[in-house]
Amino acid sequence: MSVFRQPGAYDHTITVFSPDGRLFQVEYAMELVNRGATVVGIECKEGVVLAAEENVEPLEDARDSWKIFRVDNHFGAAIVGLSSDARVLIDQARMDAQSNKLTYDEPIDIEVATEKICNIQQTYTQHGGGRPYGVSILFGGVDSTGPHIFDTHPSGTYRGHKATAIGAGRETVLAILKEQYRADLSFDEAKALAVKCLVKALQARQLPNRIKVAVIPTTTKKFEMLPDQAVEGLVKEAT
Amino acid sequence: MSVFRQPGAYDHTITVFSPDGRLFQVEYAMELVNRGATVVGIECKEGVVLAAEENVEPLEDARDSWKIFRVDNHFGAAIVGLSSDARVLIDQARMDAQSNKLTYDEPIDIEVATEKICNIQQTYTQHGGGRPYGVSILFGGVDSTGPHIFDTHPSGTYRGHKATAIGAGRETVLAILKEQYRADLSFDEAKALAVKCLVKALQARQLPNRIKVAVIPTTTKKFEMLPDQAVEGLVKEAT
Amino acid sequence: MSVFRQPGAYDHTITVFSPDGRLFQVEYAMELVNRGATVVGIECKEGVVLAAEENVEPLEDARDSWKIFRVDNHFGAAIVGLSSDARVLIDQARMDAQSNKLTYDEPIDIEVATEKICNIQQTYTQHGGGRPYGVSILFGGVDSTGPHIFDTHPSGTYRGHKATAIGAGRETVLAILKEQYRADLSFDEAKALAVKCLVKALQARQLPNRIKVAVIPTTTKKFEMLPDQAVEGLVKEAT
Amino acid sequence: MSVFRQPGAYDHTITVFSPDGRLFQVEYAMELVNRGATVVGIECKEGVVLAAEENVEPLEDARDSWKIFRVDNHFGAAIVGLSSDARVLIDQARMDAQSNKLTYDEPIDIEVATEKICNIQQTYTQHGGGRPYGVSILFGGVDSTGPHIFDTHPSGTYRGHKATAIGAGRETVLAILKEQYRADLSFDEAKALAVKCLVKALQARQLPNRIKVAVIPTTTKKFEMLPDQAVEGLVKEAT
Amino acid sequence: MSVFRQPGAYDHTITVFSPDGRLFQVEYAMELVNRGATVVGIECKEGVVLAAEENVEPLEDARDSWKIFRVDNHFGAAIVGLSSDARVLIDQARMDAQSNKLTYDEPIDIEVATEKICNIQQTYTQHGGGRPYGVSILFGGVDSTGPHIFDTHPSGTYRGHKATAIGAGRETVLAILKEQYRADLSFDEAKALAVKCLVKALQARQLPNRIKVAVIPTTTKKFEMLPDQAVEGLVKEAT
Amino acid sequence: MSVFRQPGAYDHTITVFSPDGRLFQVEYAMELVNRGATVVGIECKEGVVLAAEENVEPLEDARDSWKIFRVDNHFGAAIVGLSSDARVLIDQARMDAQSNKLTYDEPIDIEVATEKICNIQQTYTQHGGGRPYGVSILFGGVDSTGPHIFDTHPSGTYRGHKATAIGAGRETVLAILKEQYRADLSFDEAKALAVKCLVKALQARQLPNRIKVAVIPTTTKKFEMLPDQAVEGLVKEAT
Amino acid sequence: MSVFRQPGAYDHTITVFSPDGRLFQVEYAMELVNRGATVVGIECKEGVVLAAEENVEPLEDARDSWKIFRVDNHFGAAIVGLSSDARVLIDQARMDAQSNKLTYDEPIDIEVATEKICNIQQTYTQHGGGRPYGVSILFGGVDSTGPHIFDTHPSGTYRGHKATAIGAGRETVLAILKEQYRADLSFDEAKALAVKCLVKALQARQLPNRIKVAVIPTTTKKFEMLPDQAVEGLVKEAT
């Protein structure tokens, strides 16, 4: 009966493949991610830059970022999607990092941390009784093997990147990155490029500028938020 | 089949995303919150004010508030939605606060307390076998890092605010707050503004005045309900 | 599809909000309560009165009341709804009271006892695998903070009252109470008023008189059933 | 859609109230009980009589009753409904009685034993994963507070009676009991009345006589089956 | 909607009563039993005879019976229905018998063993997550209280019999038994009657003769299969 | 409604009997078995022969058989159906055999091993949450009571045979066995007959010859695969 | 009703056989595998070659392969399907290998490792509450019994091969292998053949060349990725 060959019949529960081998619930979660505010990650020899569109309303408490988080000294995360889902995963990543430090007396590899989070995400795509996490996360930082950026997918897949983006402005940003990214960017050039990408993505969607930036330099291996003035300077340069 | 592309087909269970990545059960819980009696929170240098519309019938035992609760010495909570759901979460927050005091010998950070409650709320949006909590809570008080107000969403998301409102009068109140809130309000001005917001919200919906107010001054870091006479004075000023 | 916007589609399971944020199963349980025999609670300085319509058939064992129960020395409960559900909750309240006495060596606060029962009721409105308790309970008695009456709702909500009623005659009784209740009623006046309320409620539904009354005086803090003769005297006065 | 307002839509699972607050599965279980063979219980000062219609086929092993059971020395049970369900509950009551004797060194109160069984029955009306017990039980006997008869309902409700009946002949028997029962019946009169009730109930349904009788005298507090000859004598008297 | 008043709507799951208080899944399991090969049990003063139609194909290993099983020295079982379900229950009965011997140092009462199996069968008619056992078992043997035969029903009900039958030929056999069974049959007469019953039942359904017989004499209290030649002799007598 | 009287309505879940007492899921699993490649087992005084059609593609690793497995020294298994299901059961049988050796210091009886596997299979036909095992297994070998062959059914039923077959060619093979099997076959005749059966079964379905054979001689009680050359010789004889 | 005889009605849940004994969810998972990028495995006397199409985008971190993984020193795995599902299984295989080394002080047999993974995959095809793993894995390497290649199926089945392929180009590759594979290939010839197979498969689907190769030589029994230059040389040879 032809009704069964349509998405509708296979997308109510995560534990069912469609006849052509698709997992609709994971695709719908990705839909949520694809509508979210854009985040960008760029890696160069001097370190890693994470940047995010941020929506801070007038009376909100502006002290913190709600899109970029410090996970451990040496790496952070930029999120797109359900912020409550993301918080749960970021908290888990923080615990994994602490636990690694206690057990092995050294900072966790960023890929190891990423994989642990992705294993949780995978579980929620295969077992009944829940829904997939509606979030993609860009983990970025510097560990003993150098600077790294990984992006995660609601399916639990992750990939390593020299530069990438997630969210509504992804296509715009990737086009700029493919053209302007070079492996030998200086740290300042990388910061400027990250901000420029978001400025263009916001312009493309006719939204006002509202950007937060975090950096993890190779020298210090310390996650730090750029001061708002510094970001504003880069925004001016980019426009 | 087009029927599957409509809300109806994805909103019976919390563990399913709709094709456009929405969680309908969470939105329906928020609907309950949006119909509830308004609560307001305002923060200034001298402390935090929580105010709530309250419906006390003639023969009800008027000794207590049913909308504003003391959680620990240094912070309280104002609730909108199912009061039984709220009570369960407030009780949990009280236990978290006690537990923090016993473990670390210092008052719990208000954001930490808020996040713990939001993690519970998030869980009920992702796992089957239950429904989301039908409540939003305004946590407000003063901890070692100063005065704070956080509002929670049935999805488990929370945000920090200098001043905000939840419930049926939210739009009315936010409009007033955006116009009249200043970071340098005195404590008395903050109390007056909070009461004024609720008076206007009640007028907008043509309801009689019925307001409760709690304050947590920065100096004492002690939650206390304003006496009914004090509130009545502020109400008179506002009308 | 419009069928999904109707009650029918959201009322089969407790763990689902309707699009307008309602919990139909809880409302249906309340329907059962609203059809039940009326109970009344009245508090005055000298103590608390609990009264109930009772249906004792000729050959039933008339020694006990099936509507009013002693929970602990200092408080009792009057029930409306499924008597088997109520019994389970009353038994739990008795155990909570015993446990409190053993742990703290003092009688349990009536509000604490009420809240514990309401937490159980709330759980059954949020988690799958069961139905809500089909019962409302009027807890009344005298503890260290004076006389108290609390009524519970199948949702797990409770409120404190000076005087209130549950069940089929609720509207009739509340109308009388609003008119005739005064905080300075003597104990005898309170007993007479309670009985009068039930007499009028039974007349309104054209039912014969069949009333049980329990009192908890402030002086003794001891729950006791009024003898049938005493009740009959009050009934005569009231008619 | 009007289909949802009909019994059909709410009666497939026990954990759902109908819109008017009914539990259909419990009503259907009671339907089974109402079609079962009649049992009668009569209490007088000298003791308690339990009597039951019994269907013994020619080649059945006639040594035992399949409707009346000894639970402990001092009380028995007469069952109506699914005999396998009843057996499980009777076995549980026997264990409760043994356990009480071991723990407190005295026979269990018959009401306590009844309530324990009813609590099990209540559980099966509120939690998913099972069906209600399809049985009503008449517990009757003599304990330290005198003779008692309690009947249980598939909902887990129970009531005390001086004389009562369950099953297909209930209406016929109750009519006789209301007319002929007196609190000062002698034991022999009570036995004769019990048998007479069943004889009339069988005649009303045009069925042959087949009756078993158990008695628990106040003096001995010992459950014993009346010999078949004695019953036959009473049957002859009654016809 | 009238569809809900039909069997179809109540017979998919065991945990649901139909509106007239029936359990359809149990009835369907009984349907399976009613189509199975006939077994007969006859008790006399000298012992118990169990006999069964048996379908042994040419190349099957003919050493064992697949319908009659030794449970313990003193009793056996004849089964009708799903043989895999039966095997699981027979194995359990064997363990119960062993366990009784180890604990009390005496052979288990046959009724006790029967009840234990029936309690398992009852559980599967009340709890979800499974189906009823599709088998009826005739337990027969000699214990300290003499010879006994009990038959079990998929509902978990059992009854004691002097002589009875289960399966497709039940009606035919019961007709013969009612006519020809006498309590004072000799053991040889009982064996001949059991075989005769099956011969007639097979003739009624125009099937070839294929019969196995087990006996448990009162003197030895030892279960033993009759040799095939002995059975053939009895078959010849019967035809 | 007549739709409920059709297979469709009762065959989606294993825990439901159809109105005529059938278990459709078990029948569907048997359907899978009936389409599988044929296996044959033949027992004679000198030992047991297991033979199987085998599909070895050109580039497959030909060292092992994928249809016949050694379970313990003294017996093996030939499978038809889902090979992954079979592997799980064969592994379990190997563990049961090891465990028996460790506990009793003697090889496990082949019937005991067969029954243990069948008990697992039965469980999956009665409890929800899974599907039946889609496999039938021919266990064959020599234990302390001589040579044995047992075949299992997805329902968990098993039977002993002197010679039998499972799979797509079953009817063809049984016809040959009924004609040509004799209890006094020599071991070489038994091997030749087993191969001949499969050759004819393959011809009937116009498939090329591809046969594996295992033997367990009574003298050695050791399972061994016949060398491919030996099998080829027997195939030539048979064609 | 004919609708029940169509795929649609049996393919929503893994725990149900279709009337013709098929498991649709497993077939749908295989559909996902059949659309995935091709992997090839070739075994010769000198070792094993694993090769995979790989999609490395310009800005991806190119240091690692996302299709071929080292499992232990002596063997690796090439995956087709959901990479998150594969990662979970590969991690499990790594743990199994470590565990084997710790317990037995020797490398795990590759077939043992394969079977352990397949047992996990089988479980997810038989028990409810989850979906099958959407991945096929080619395990290849050299253990104490020589070089081995095994491929796994979402059903949990595995087979040994001298040379094989999985994924979208499987038919193309198998055609080449059947023609050109010889057991006496040199290691260099095997590498060239593996690359050639993928080049042809990519050409057939008009895709650019993007190939990764891993080898496990018999001499070293050490898994190593071929350098990209070496692969490029082989690609040039092949085109």
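Should a chain be cited, it is by its letter among A, B, C, D, E, F and G, assigned in written order, with residues numbered from 1 in that chain.
Everything that follows uses one rule, which is that a contact is a pair of C-beta atoms (placed from the backbone, for glycine too) under 8 Å apart; a residue touches a chain by one contact, two chains touch by 3 or more.
Predicted model only: the values in this text are computed from it and were never measured.
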Quiz item: Shared touching chains for chain B and chain C?
Solution: none
Practice problem: List every chain that touches both chain E and chain F. | Solution: none
Quiz item: In angstrom, rounded to a whole number, how far apart do the mean CA points of chain B and chain F lie?
Solution: 68
Quiz item: If you average the Cα atoms of chain B and of chain G to get two centres, how far apart are those centres in Å?
Solution: 54
Quiz item: Which parts of chain E, given as residue numbers and ranges, touch two or more other chains?
Solution: 3, 9, 13-14, 128-129
Self-check item: Chain-level touch network, classified as line, ring, star, complete or other
Solution: ring
Quiz item: Residues of chain B touching chain A in their complex?
Solution: 1, 3-5, 9-10, 14-23, 115, 118-119, 121-122, 125-129, 148-149, 153, 155-157, 159-164, 174, 177-178, 181
Exercise. Using the touch definition up top, name the residues of chain F that touch chain G in the complex.
Key: 3, 6-9, 11-14, 24-25, 28-35, 58-61, 63-64, 66, 82-85, 87-88, 91, 124, 128-134
